[in-house]
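By letter and in written order, the chains are A, B and C; residue numbering begins at 1 in each of them.
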Amino acid sequence: MIEFHLDGRSGVSPYLQLVQQVRHALRLGLLREGDRLPTVKDVVTQLAINPNTVLKAYRELEHAGLVAARPGVGTFVTRTLTDATLAAHGPLRQDLRRWLDRARRAGLDDESIEALFMTTFRTTAREDIA
Amino acid sequence: MIWLTWRQFRAQAAAVYGLLAVLAAILVIAGRPLSGVVRLTPADSRLYYAGIVVTYLLPAVIGVFWGAPLVTRELEAGTHRLVWNQSVTRARWMATKLALTGLAAVAAAGLLSLVVTWWAGPVDAASQPSTVPVGADIGTDVPDAESFAARISPLLFGVRGITPVGYAAFAFVLGVTAGILLRRTVSAMAVTLAVFAAVQIAVPFAVRPYVIPAAQQTVTITSANISKLGVNSSGEVEELAVAGPRGAWVLGNETVDATGRVVTAPSWVAACLLPPMPSEPQGRASPSGPVAEADQECLTKLADLGYRQRVTYQPADRFWALQGTETAIFLALSALLAWLCLRWIRNRVS
Amino acid sequence: MTAVLRARQLGKKYRRGWALTGCALDIPAGHVTGLVGPNGAGKSTLLNLAAGMLAPTTGTIEVCGGMPGSGPAQLAKVGFVAQDTPTYAGLTVADHLRLGARLNPNWDDALAHRRIERLGLDPGQRAGKLSGGQRAQLALTLGIAKRPELLILDEPVAALDPLARREFLQDLMEAVAEHGLSVVLSSHLVADLERVCDHLVVLVAAQVQLAGEVEDLLAAHHRLSGPRRDPATLPADQQVISASHTDRQTTLVVRTEAPILDPAWTVSTVGLEDLVLAYMSRPAEAGPGRRPTLEVLR
């Protein structure tokens, strides 16, 4: 079963953090089809968080078709995100490693690498939307 | 609500009722003085006066230690914000506390008065007129006789019968009222004590004598009933009193002349009743020694001239009527204050 | 949506002045509402009005459909844990539970005892000997076991250490999850409320400055930074909440329902704490005729 945690400083709203953590676990195969998510009460008690926040996160996951609530039993995972793209992960990671090596050789420190990656990522993301 | 009131009140109740039980036990074990008593033993005398003091103090103690903190204790600790947010209205909370603690106060005073009145019964029964006839009890004639106050007299009226019940109820509600208005325990206690003491002193002189119109009696001054004669240095009569009826509370004792006007007795009375005594020029409370024939002649002459003594008094048999009225007045005052407390608690305090 | 608390033109004046003026509020049922503002902003006054501990000077307030404190039925619907969580020092923990059981028709005795047991409170212990956190937990137990529709908490965690604070909020949220009660709690620390509240009311200088659902409020506010410029030149639908300038740069917190299209701005989200701080530090500009409440459009 997944255990949630909240980062108060991330600037991401608590319900989104819960959604992202579930998606992340699904993607990494930590959650599989048929697994039960913690009950709302468990999450609430563990995190000292508003139950509406948890409900909202679960509703969103349900809406995305990732989980289904069975009344009186719990919320269960109905689909995983370890889809075809998982196979592509390995080669992509290799490419990224090579790119990082090149950047370091070019004299960039970690901070510069991160800034370069993030600005490029944002620009392409925006171009995609536009 | 009754449970909570009792839970908060039981220690205070135990303290007062414990002391009452001890006092009652002492009185019962010591036993009542013999009837027809003329003089109390020193031990009985102490108990007699202790009974008076304790019965006067109890209502004050109840007002100060039960009444004043009843609400202020909650306000000072902030617990009113806890208890007023349970599903019980403030009015009911206040009413329950007033009723229960008030009942305990009334019962305590009633029991104390009952025991003290019972114990002092023989002494009260032996009480003589509050002023003593010349020659009867004075000086060397009956040296062992002690004069006891009548139960209707201001000293005893408030510690006999049912008046302590009225006082206790009033003192308690007075304490609660002071607490609600002042919101501080210590100042509420002080104000309660001051106001209650003032009321205790004012009522016997300003209220009680007028509750039932006083009786009047105009009597001839004789050597048998004259009880007091005061003469000043220039030989004029300053004070002349006769004995009132047995067990009565004498309010006024005036000499009147033939036309009914209030006068002072002519100065020759002093001269003939009190032979000049150079060693005591200030006059004396009453003549001592056997009554001389000359004295009687002197008084006969006074009567012949139309002088009489007018005594204003509350007779002994009005004791219960006065007790009932005074208790009713205090209970009515208590009810009025309790009603104000309820209103204030509901509308003002927070 | 039914309102659990509805105030109109609500005001309260003390001898020293107005503690609350022109307050118009609708707090929907089923939410955990945070009431934030600096000390002395009128938070306690508003909560005490809602609990019926105070009577309003002007306007009306309606809680769970009734006038606060108007009768036993109304009192049963609203729980109030006052500031500093008062308890009877001379009474034991068990006595307090008995008090709750005797004075409340909907009392959940099993719940109360379960909580006391889980908290590790000794029933025979006098409340005066409890720590601040334990006392707060005891007061919260009384409030929850009363089973009200609305639980009002006035600065419940202010006196608690971080661990006790977390435990207190955990228990509160558990009760919300279990019994579906509405909660209004005040704090002068936004961090306390960030996790637990989904509705927010910001009270500054006796007036409501901001009220709405947290998600909506966050979505409607943006931080803009860019080259220096006068905030007055912004489009009319962008309301400036706070502005700061250096000689070259301007940073604004603006409120708008429309997307921000000006490419000169770098747009970023505003956290709840920054949002609240922006409103708290806003100069008092509420002149006569200006409605201080800004409802979120939905």
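Note that a contact is a pair of C-beta atoms (placed from the backbone, for glycine too) under 8 Å apart; a residue touches a chain by one contact, two chains touch by 3 or more.
Molecules present, by chain and UniProt name: A = GntR family transcriptional regulator; B = Transporter; C = ABC transporter ATP-binding protein.
Just so it is clear, the structure is predicted and the values come from calculations on it, not from any experiment.
Engineer: Using only alpha carbons, which chain's centroid is the nearest to the whole structure's centroid?
Structural biologist: Minimum centroid-to-centroid distance belongs to C.
Engineer: Greatest Cα-centroid separation from chain B (Transporter): which chain?
Structural biologist: A
Engineer: Whole-Å distance, chain B (Transporter) centre to chain C centre, using C-alpha means?
Structural biologist: Centre-to-centre distance between chain B (Transporter) and chain C: 60 Å.
Engineer: Using the average of all C-alpha atoms in each chain as its centre, how far is it in Å between chain A and chain B (Transporter)?
Structural biologist: 88
Engineer: Distance from the CA centroid of chain A to that of chain C, rounded to the nearest Å?
Structural biologist: A distance of 31 Å separates the two centres.
Engineer: Show me the residue ranges of chain A that touch chain C in the complex, using the header's touch definition.
Structural biologist: For this pair, the touching residues of chain A are 6, 8, 11, 13-15, 40-41, 44-54.
Engineer: In the complex of these two chains, what residues of chain C are touching chain A?
Structural biologist: It is residues 30-32, 166, 169-170, 172-174, 176-178, 191, 194-198, 214-215, 218, 269, 271 of chain C that touch chain A.
Engineer: Residues of chain C touching chain B (Transporter) in their complex?
Structural biologist: 48, 51, 53-55, 69, 71-73, 75-76, 78-80, 82, 84, 86-91, 95, 98-100, 102-106, 139, 142, 146
Engineer: Please name which positions on chain B (Transporter) make contact with chain C in the complex.
Structural biologist: Result: residues 1, 3-4, 7-8, 77-79, 81-90, 92, 347, 350 of chain B (Transporter) touch chain C.
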